[in-house]
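Look at the two complexes coming up: chain A is in both, with chain B in one and chain C in the other.
Now for the complex of A and B:
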């Protein structure tokens, strides 16, 4: 199955256009990753309208390039400016910035790029080996299992997002409701359309995502100070010997990549958790002479290999089960859905060429990252000097043109602005936005399978307890909710004591 | 800033917002969503005849379940928020309402841009929009601002119209460049 998928995918993958788009995606990803406040999610959001006008594998090459490049790009600003371009690189500045302060900025950036690429390759190997096995296992799943899987995805993302589980659940439920707008797939009736033909298919996912993330982010950037400032950053030229430097820490590299992949597979955990976890483990395993936090190479290796390995891990449940682990994976799933491919066991069975193509694109992106990241660093340093006063209007116009390009609809633009306002209010009130996207993607999967399960069942909801896999998932979800409730209670008690 | 606007700012200056206000506002938003769901189920969905029967055929079953979940979560959050305020008081930093003028300015300008995009078309409104944002952000040199906004607007249009074959809004004058 695996070799067949890769062989079939090779035909779609082996084209100069696919290679060119991987390069374009990586460059764009590295740029949005390096620019503080943007990141791979924003990059994918901005390029999604362009991507869905392409062929499936070429679109995935562009988006996966951004995912891989964006997950690494944040380290450049973390090392040079002491401002992580993305939260993924927050742990990188612990040792990356001190290295730059000691005059080793080029080594630090080179190490970050090399470790990201090698960690990403590790995640890719696990993806290729593990996803088909999981897909074969999931072939036995029926509506009750898929219902519980969708619920698990939502509970997991809510439990790790932001300060409050309840806020995560509310955001996720908002996403579930958004997914119900339009024509009901079973009764073919219209729900919440308010007699508007624009709403017959609901809100376009891109309007929702661009509004929630890009528009709200631009408003927040606009509220910042010094929008015309041009940071003074020295030119940095990393060398290819950085790869050898990273390989010197091979144990750390393997361990951190494994941690990153593991957290990627777990829905909700993501790159931030994995990079901090890998850093903590590397620090604990350090030799006595290694001083983590003072410019130790191992710190950069641990965080960067872990956060890029997470990408490969996150693709495992996304492709094999159709359950996204993070909002970026949710957007990749959404792209496949727009092309008419349904991620999950049937994708491996019916369209192995797509799965194989994605595997090859992902591996190639990581190899290309190694070369591009090292050669093009001076360009990314130059990009860091762009004033926000120029960046904000350009991104806003790109949001408008990109969203308009989907269906040539001005209504989509107003919807985007509306979701932008919702995003601003929710962000100020500290509500996580990622569960909204996950809820919107998982909504149809959850609703269809829940309703089908109840049709199949003679005993109502007992069908979910009667089946072993769904019972295990119920136990997992209950455990997760109880754990969150217990830790919230502990925090509440501690805050009362200190008050 | 005009004298009239300045006096308005001075009048509302004592107004302050804190995160608790926004928390309550957000809970009201979620309650309103629940209200819309139940209103639509009991009117539109009933009139279409899709709001009854077993869960498989009942199109109202699932949105109602999600709305009830939201209602429960809002209730628990409201109880916790009340307890938090009672125990700790409002210690969060209060923001002056006037601090909100800047983002509101951007949102209004963006809304105006979307409106004019439909009326006048992309090519007539995008350059002034980019230039306006740059000026509000603090760019004061007229020539670089005009050159940057003009070149960016045309570059984006060129890429989307020429290579992606997207017809950008032409407005009432139907202005589209045949690249």
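Now for the complex of A and C:
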């Protein structure tokens, strides 16, 4: 039936205008993704008024292009500037930036683009082959399972904390605390809002990420000695060998894409969690000579393939059930509604040509990302040739514009600056910043689903044991925690021996 | 012309602009107008985007939606009210922050603190159960079970304390059923958990119902209006089962009325009202809104006080359903 849908959708899809808009969407997506603050969600919001005046599949080609390009674009600034353009790329800087520092910026960007495209294609194939089946599978995940998945994600903090395990845990706890600010979802009571309406929904995640990473990084760059030096970086050419470089890590690529698709299918989990989870798994599965966190190719492959595979995954519940996998998918659903199409089982039955057209657009967007991204790599890397005295003010202005554009809020700018100061202090004290992002995202997922589970249960915490999937996740989490404890103990012993 | 004359002419022109509202209005708007939208992306945003697009065509400038979710929609209102009242900020005044939040003491404004532009859309609610749930033969049987087993049924309206929650609590109070509400961030998540079997019934709007008719069994349509009953394929409504939820007309429905800050200059308000009226009377706009399950409303600003006043009175008096539910659940926990 799905192949019939694709055949029917081909007529809507096969038009030069659709191809042209995929390219426009991808380029726009790469730009909004790379600019700190803006991201694919904001890009789609900006373009939506234009898109709804186009034909349905033409509009979806523009929007899906932004979705796919924007989900990859954040990695470019993460690799080149140590600033994740979007929270999605927060994990990419672990190895992407060190690669660039070692003179492999073009390789890192090419690898990120290739992994994103291949991960996205993986998610797309899964979407086409199994959308209705996976939508049913996603229904098996309810509050108890989401609670345990959030715990799995928090265990990932241990994996991304580098040498300072305890400091990583403290940073993660800080993120969890930040997540408690705002309106409590269960009681609708206000927490730590200090009578300010700006705080009613807590701090915007983008203010936190841009402040922690971008502002602090710019301050450190400003304090450097090479402010006015012209960087001696040779021009690079487009290199399609980065596809081979990504394929060299095929196991990691497949595993991370599968993780990304899995998290995409589950409404509410999202690309940030998937990229951190994929990174954590890749790091733990690494061979002894692979040094994650120091410019390892596998780190970039894991995070970028996972967060783009999440896009395909997120389209599964969105198209098959009408339940958005993430806020961007919610906007895509809203767009389809504006055109009079109801995402859900009815869409598959009544308008298979629309489903087929969307599948084709999504797959083509990923193939086009591969070509376009690699062709544009020299342009991106050119940023590194700009003097810091010119680059820093431009980036700061972009941070301000990007963060303000989210809600047209001056408060968000103050929050961004505040988190910039926090970022500076934490970096001086050698605290990792990424766990703060994980904590902030997973905090609400953990707290609200735990409380929901207890409301659903007649027998208190036994609900976590009574449900088969939940029980499996308890076993997995227990294993992961024991593994982390064991490897930390081993590292501790090794460090004592060498001392 | 020497510089003194130039400055004088400019000053006179500026003064003329300041005192002559028609000149000002003729220039208004000369840049994009923002509409503060109180929810995240979803079906309500789709409806407001259709309206924004139509108003944009009338005004000749972009009308953008700024999604400002938080605190049951009140963050959006506070954000909009903190802005300059220059006509460049409109508010999509959904019933929850406009009427329901003030009624429950969560906001310090009333609907009279805003200037109406035009009514937007409305959507009805229905209580839906899971298809294939063979524990009960009918919705009435489920209610009988709920009455005999207080606290055993689980339901969700999406966010806690929202309008669907209030209407559902009122209906359950009328049945004498104490059920445990389970809040979710979005109603989509609640519908997913209905399908997965962890909750027993949810609210659905026509859009969600049309998207998956085979996935829901409509138990009770929460409106007495025949047009609403038709949207749910003739399922039983509150009149059929003879329960009184104390809400009629717009009272039990979700709706929006586009509004602006009360200090907005009258000439600019007139421009916006005119544009909205034209947009909402456009047959193609109405057709688009109807196609996605929303009912376009045709009331203009002159009917705001009459319509909202009546709804406000109803909503203010229906908070007792939530209080009753909370008290009954507390009693059960303390047993």
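Basically, the second predicted complex is superposed on the first by the 270 of 499 C-alpha atoms of A that agree within 3 Å, B and C clash if a C-alpha of one lies under 4 Å from a C-alpha of the other, contacts with A are read in each partner's own complex, and residues count from 1 in each chain.
Criterion: a residue touches a chain if its C-beta (ideal position, glycine included) is under 8 Å from a C-beta of that chain, and two chains touch if they have at least 3 such contacts.
None of these values were measured; they are calculated from a predicted model.
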item: First (chain B), second (chain C), both or neither touched by A:393; value: first
item: Contacts of A:223 with chain B and chain C, given as first, second, both or neither; value: first
item: Which of chain B and chain C A:8 touches, first, second, both or neither; value: neither
item: Contacts of A:190 with chain B and chain C, given as first, second, both or neither; value: both
item: First (chain B), second (chain C), both or neither touched by A:477; value: neither
item: Touched partner set for A:101, first chain B, second chain C, both or neither; value: neither
item: First (chain B), second (chain C), both or neither touched by A:335; value: second
item: Partner chain in contact with A:345 - chain B first, chain C second, else both or neither; value: second
item: First (chain B), second (chain C), both or neither touched by A:180; value: first
item: On chain A, the residue positions that both chain B and chain C contact, one per complex; value: 53, 186-187, 190, 408, 452, 455
item: Residue ranges of chain B in contact with chain A within the complex; value: 19, 22-23, 25-26, 29-30, 33, 36-37, 40, 44-45, 48-50, 54-59, 61-63, 66-67, 69-70, 73-74, 76-77, 80, 87-88, 102-103, 106-107, 110-111, 113-114, 117-118, 122, 126, 129-130, 133-134, 137-139, 148-149, 152-153, 156-157, 160, 164, 166-169
item: Residues of chain A touching chain B in the complex; value: 50, 53, 164, 166-167, 169-170, 173-174, 176-177, 180, 184, 186-187, 189-192, 215, 218-220, 222-223, 227-228, 387-390, 392-394, 396-398, 400-401, 404-405, 408, 410, 413-414, 417, 420-422, 424-426, 428-431, 447, 450-452, 454-455, 495-496, 499
item: Chain A-touching residues of chain C, taken from the complex the two chains share; value: 34, 40-43, 45-46, 49-50, 52-53, 56, 62-72, 74-75, 78-79, 82, 106, 152, 154, 159-161, 180-186, 188-189, 191-193, 195-196, 198-199, 207-208, 210-215, 288, 291-292
item: Complex contact set, residues of chain A against chain C; value: 45, 48-49, 52-53, 138-143, 182-183, 185-188, 190, 197-198, 200-202, 267-268, 317, 321-324, 327-328, 330-331, 333-335, 337-338, 340, 342-347, 407-409, 448, 452, 455-456, 458
